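Two complexes, one shared chain (chain A), two partners (chain B, chain C).
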Partner chain A sequence: MTVFALIIINKAGGLIYNRTFHEGGLNKISTNDYLVLAGTFHGVHAITTRLNPVKNAGGDRTSTSPSVPGAANIVNRPEPSSGLEVLESENFRLQCFNTMTGTKFLLFTDTTQANVDVTIRRVYEMYADYVMKNPFYQLEMPVRCDMFDRKLLSYIREINNR
Partner chain B sequence: MAHMGATGKTGSKEPGLRYPANGKTIFHRPLNRSKTSELSQASFAYLFSEMVSYAQKRVTGIADLEKRLNLQGHPIGLKLLDLLLIREPLRSQSRPLNIIALLHFIKGNLWTHLFGRQADRLEKSSNPDTPDEYMIIDNEPLVNAYVSVPKEMSQLNCAAFVAGIVEGVCDGAAFPARVTAHTVGGKEEGEMWPGKTVFLVKFQPEVLEREALIGKS
Partner chain C sequence: MVIYSFYIFDRHTECIYSKSWLPPSVSEAPSNPNPPDHPRADRRSKAARAGDDAKLIFGTVFSLRNMVRKLGGDDDAFISYRTGQYKLHYYETVSNLRFVMLTDTAAPSMRNVLHQIYINLWVEYVVKNPLSPVEHKGGEGVKNELFELGLDQFIRGLM
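Presenting the complex of A and B:
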């Protein structure tokens, strides 16, 4: 069980973080290819969210009690479709986690890796802590935070050595 | 000014100071009410992040930025000295009267109040040329918990804010000093604590002069 790499894509489809944890897992591709991969994935993800048949939950919006108009609207808004979540090949598995703000975390693991959703949520938590709370980080720009790197590496190393 | 009417007669007289309708200001609250209460670290982290960004506006350099952070902390230190002393048991309510007592007060009471634990170490400068320098060492300052300083600003340590608080306490106790924060982690023995910070307390010459006189008598 191995975690190969992590990619973070901002809400505009730009690559803001890219790190490989395990040598020899995935073939190396150039930084330019990573940028293309991020942009392409962003586009494909956007299309898959549209493909998804939206559950018809908003139909009876008008019939709900008018006493709490604000609450009724929120309750009846259909779940936004998640779009592409997992992409699997013979040799690796790509899990995508899309945050409420549209930032995407892509985790490349081998196909036997379990509990990837837990791992990816923990990575998101670290991102929220060590990137978003860092006064020197500019939104939507590439992530260059020592503290994030350090915590992420030690967390992934722990998983890979299990 | 429509809201002023609701507050009644007290509000409209003094500009700048607004009173709530019941007349109870923050000064009417018991001083010990918040003694054991805790704050969310996440909300503090966001606030501190904004404080650093605010201090970063229109600064000319890193020294200037640290100076601004220091200034933000200074008034907090001045006020905390009084608050922490009044919370002490009655017999130990007097302010610290010598350097060692003051530094122990900072390491113990002040640190416990602010960060929930004591500072890690207290040292006196071993250099004979600078007998006025003392060091308070914190292995991982709480304010820097989520801060990664970019490489081009490597001399910066955002704990300058805490240094400002310490400076406020020293000034308030009539031990005028300059306090600065320095990162020492990542070097030889600091590997385990990459955020290790030294607060360098440099007292004014008159403080040492007085200290020497007290020591003689």
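Presenting the complex of A and C:
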């Protein structure tokens, strides 16, 4: 069970964080390639949302709250289709977590890793605690927060040594 | 398990075969109580929309395959991805023929199924057909009765 790397992509498709935890899991690629990868993934993610073959009918009107005026005109919107969540290849597994604001967390693990969604949510919590609450952090800019680095590293090391 | 659709792309990135098993009521636009606001959108034929889907699918698998190769090494192969609504399976032969299948999210790995389609249907009915052209421009030679029948039976057997 190994976590290889973490990538965070902002809502515009820019790479804002990139860290490798385990050498030899993934090929070493340059920072420039990581930037390209982040942008490509951002685009592909948007396309995978569009490709949904089951476009469920969204025209059914509901009467959930008839007391509210005008509620009769509110159509029950179907759950918006999500983009790519898990990608599997022969050598690794990629889990993507898309936050409400469009920030994407990409976690690369080996193919047998379990409970990656729990791990990725914990990473998101850390991001909220140590990056978003850092008064010196500028939104949508590369993450350079020592606390985040330290906490993330110790958390992932714990998983990798299990 | 539900299989939604199946695509074959040749080495020139062209979609040479596509088939959908969705009932028309599901794949069509949702029942709209109002008449369509854009008659121009309605005028576009179903085939054109299916062609657009095929192009999007090819672009996606092409990008993801390259990404996987870059990260996992040249011997790595992209197998599948899953979203909240569907799962896409991918299989590429040595000759850069690409097989893509869309299923529901609960489906197990369909790699061997795609491999079986290649061996038992593609090679048997398309490659071994003496009248079939080498390149399948516009799906020429792929849409033969035996291949289509065999594929439909095979897929319906899985569902």
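Following the convention adopted for this analysis, the second predicted complex is superposed on the first by the 143 of 162 C-alpha atoms of A that agree within 3 Å, B and C clash if a C-alpha of one lies under 4 Å from a C-alpha of the other, contacts with A are read in each partner's own complex, and residues count from 1 in each chain.
The criterion applied here is as follows: a contact is a pair of C-beta atoms (placed from the backbone, for glycine too) under 8 Å apart; a residue touches a chain by one contact, two chains touch by 3 or more.
Since this is a predicted model, take the numbers as computed values, not measurements.
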Report clash or fit for the pair chain B and chain C bound to chain A in the combined superposed model. fit
Which touches a greater number of chain A residues, chain B or chain C? C
Check the residue A:Asp129 against both partner chains and state whether it touches chain B (first), chain C (second), both, or neither. first
Superposed arrangement, angle subtended at the Cα centre of chain A by chain B and chain C, nearest 10 degrees: 170
Contacts of A:Phe105 with chain B and chain C, given as first, second, both or neither: neither
State whether A:Arg144 touches chain B only (first), chain C only (second), both chains, or neither. first
Contacts for A:Ile29 in the overlay, against chain B (first) and chain C (second): which applies, first, second, both or neither? second
With chain A overlaid, the minimum CA to CA distance between chain B and chain C in angstrom is 31
Could you tell me which stretches of chain A are touched by chain B in one complex and by chain C in the other? none
What does chain A use to touch chain B in their complex? 129-130, 133-137, 144-148, 150
Residues of chain A touching chain C in their complex? 26-27, 29, 33, 37, 40-41, 43-44, 47-59, 79, 81-92, 108
Which part of chain C faces chain A closely enough to touch in the complex? 4-5, 20, 22, 26-27, 29-33, 53, 56-57, 59-60, 63-64, 67-68, 70-73, 75-86, 88, 102, 109
List of chain B residues in touch with chain A within their complex: 42, 45-46, 48-53, 56, 146-150, 153, 158, 194
